[in-house]
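Reviewing the structure listed below.
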Amino acid sequence: MWRDALLIAGKDLRIELRSKVAFNQILPFAFIVLIVFAFALDTSPDTLQKVAPGLFWLAVLISSILGVDRAIAIETHDNASDGLLVYGVDPGGIFLGKVVSVFVQLFLLEIVLIIAMVVLYGPKIGGWPLVVISAVFATLGISAAGVLYSQLASSSKAKQTLLPLLLVPVASPVLLAATKSWQDAFAGSGWLGDPWLRLLIVFAVVYLALGTVFYNSILEG
Amino acid sequence: MQDLVSFKNVVVVSGNFPILTGIDFEAGPGEVVSVKGRNGAGKTSFLRAVAGLLRITRGSASVLGVDLVSNPADARHRVGLLGHDSFLYEDLTARENVSFVLRATRSDTARVESSLAAVGLTGRLSDLKVAVMSAGQRKKVALAALLAREPELWLLDEPHASLDSWTRDVLDSALIAAVANGSTVLVVSHEPHHGALVPTRTVEIGGGKVINDVRASGSADAALTTKLGTGNVA
Amino acid sequence: MESKRYQRLRREVGVLSVLLVAVTVILGLWVTPPDVVQGQLVRLIYVHPPMAWVAYLAYGVTSLASILYLWKRTRNLRWDLLAASSAEVGVIFTGLTLVTGSIWGRPAWGVWWTWDARLTTTALLFVLYLGYLALRRIPADSHQRAVRSAIAGLIAFIDVPIVHQSVVWWRTLHQGATVFNPSLSPRIHGEMLITLLLGFISFTFVYVWMVMHRYQIAALEQRVLDAELEKLIQERRNEPGLGSNQIESNDDANNAGQPSKV
């Protein structure tokens, strides 16, 4: 299974390197979202600073919808999703491989977005260990739940609208927890035993497990 | 002779429509089976079912000793399907696609270059992204992957369509060699048979089930379908 | 499941629920006294918590039935139909819970909505149900639909506690649990308590009755689907072959004059 996961992750990332969809489309979109949020809110510097973490993670969540949609869509072009089945690749491996691929893309996106966030919203950042670790687990959780739901919704024509309906509610605790832990970190009261971080870890572990176990059933149909 | 493929009253339902309505079919090693039938009869679905890609709703099916009803995944990497869908990734090159397939099926990746050369995709061609390839070239990539894998069971869905005659000969030689090694071949083809590979048996699928099953007389690798008796091989 | 016994049982449950609800209404609207602080508004307590209870009961049934379908040993389409029926009834009660909660909250707290743990989790449950039901609308054969929904049901089952915990940590404003909180003594007693418990019981009966109805419809729909499938299979089996003369090829010229093969 792990071998297959690495194989799929490598293949997906190579495809992204070639097609640059995440880089050319998703990243600019996330960037625009961050900018446009400022239009919609009262732009006083204080407000923006306070809401910065929340808006950041909201932008990430929205971008992740695009990202996981793409992760599954790669497979269904020219019926390639059957292809992975036809070669007997382990479904748990397919799931984990795709999660890794989405995670890498999202994480790189977040690095760029953090810079944008600091520039646009001007929050004072601190507590880097908590910031980074909570980001890792939040992204992991979103990736896992996202890939799972994207595959679940994949054979429908309404996939584009169904996926957000499924993913966003489920990922809302991650949104909350990630925002809160970043707020704690920025305010200087962040430590690695932060309860929000614990929630992020639980979420990530649970969804990684769920996906690994049930991806087979979803693919077999 | 242990059956490589054994289907008993197999029903396959997809989206509430019965695409296979009760297939009874057995095939052993070294057989070359020509699958005929009207459009929509279920020929492609039959091949896909043998490949383990379709969920068996009723009946029993085993391929290469693996029970397809409970455990289709175990048979899949040992079966080679060349069909209308080429299962290729648009953004990857021919070489990358073939080596992906080999790694996914746990085959020997050393054969990538030789199989690409065998289908005529050398040099610049092997580094082309699939997205810019013609339909025939894509088929060649898929064929290269298949040749490299050397599966025990070959399932070919109109393999000659869109292949140039040179590549068709390559495919036929590979099949003859595989059959001599004990592999089994199932071919769906609308065209009258032209190549060097001669079917030992012809099966007609109609309405999702087998309606005719004619074995050639004589030995498995020399005979014609006797029904014709016209001496017309090609 | 369409047997006479089932129908009779369903009818009995229905009658019982009507009776119980009627008694609850009478007690709730007339017999019990208004609250010292909240006045007549408190009567919503006989309706809102029971509806919330049913919403979560339905969700529990859906999740359990989903698990039973996914587990190969107990796999049976009936579990899927039960899960779906319970979800449909559940989404109604969840919606009602939110509405009655809102109606209650406006005069009591001055706002239509507050972001406290229970309310937010219930809102989320509502959306999860909607997603589950939307997933079921994807065209697929019964098994595919069942597997997909079951997995979604299972994910929702695991997600709700996570959501709840997160919102609890976030803020808590809701009235402390009046009956089921072990650390507090019940704040209501006497006739109000009896009416409240009666409310829970009667709404549970209504839930059971509605699910029985919905399940029966689903089972009948499945029977129709199965019958149609059999018909389709027969029709398809009778489809003609290539034609009496032709097996080898479509080349008529070669085979002209050959006797019929079929």
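Chains: A, B and C, in written order; residue numbering restarts at 1 for each.
Just so we're on the same page, a residue touches a chain if its C-beta (ideal position, glycine included) is under 8 Å from a C-beta of that chain, and two chains touch if they have at least 3 such contacts.
Keep in mind it's a predicted model, so treat the numbers as computed, not measured.
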| said: Closest chain to the protein's overall Cα mean, using per-chain Cα means, please. | reply: A
| query | Higher C-beta contact count, A-B or B-C? | reply | B-C
| note | Chain-centre distance (mean CA atoms) for subunit A and subunit C, in whole Å, is 30
| request: Find the geometric centre of each of subunit A and subunit B from their Cα atoms only, then give the gap between the two centres in Å, rounded to an integer. | output: 39
| request: Mind checking the centre-to-centre distance between subunit B and subunit C? Centres are C-alpha means, answer in whole Å. | output: 46
| said: Quick check: what residues of subunit A touch more than one other chain, meaning two or more? | reply: 220-221
| note | Flagged in subunit B as touching 2+ other chains are 55
| note | subunit C residues touching 2+ other chains are 139-140, 143
| Contact footprint of subunit B on subunit A as seen in their complex | 4, 7, 11, 14-15, 18-19, 74, 77-80, 82-89, 91, 216, 220-221
| message | Taking the touch rule as given, give the residues of subunit C at its contact with subunit A in the complex, in rising order. | response | 70, 124, 127-128, 130-131, 134-135, 137-140, 143-144, 147-148, 151-152, 154-156, 158-159, 162-163, 165-167, 169-170
| said: Taking the touch rule as given, give the residues of subunit B at its contact with subunit C in the complex, in rising order. | reply: 11, 13-18, 21-22, 36-38, 41, 55, 57, 190-193, 202, 204, 206-209, 211-212, 214, 225, 227-228, 230, 232
| request: Sort out for me which residues of subunit C touch subunit B in the complex. | output: 139-143, 225, 228-229, 232-233, 236-242, 247-251, 254-255, 258, 261-262
| task | Can you check the complex and tell me which residues of subunit A touch subunit C? | result | 145, 148-149, 152-153, 155-156, 158, 162, 165-166, 169-170, 172-173, 176-177, 180, 195-196, 199, 202-203, 206, 210, 214, 217-218, 220-221
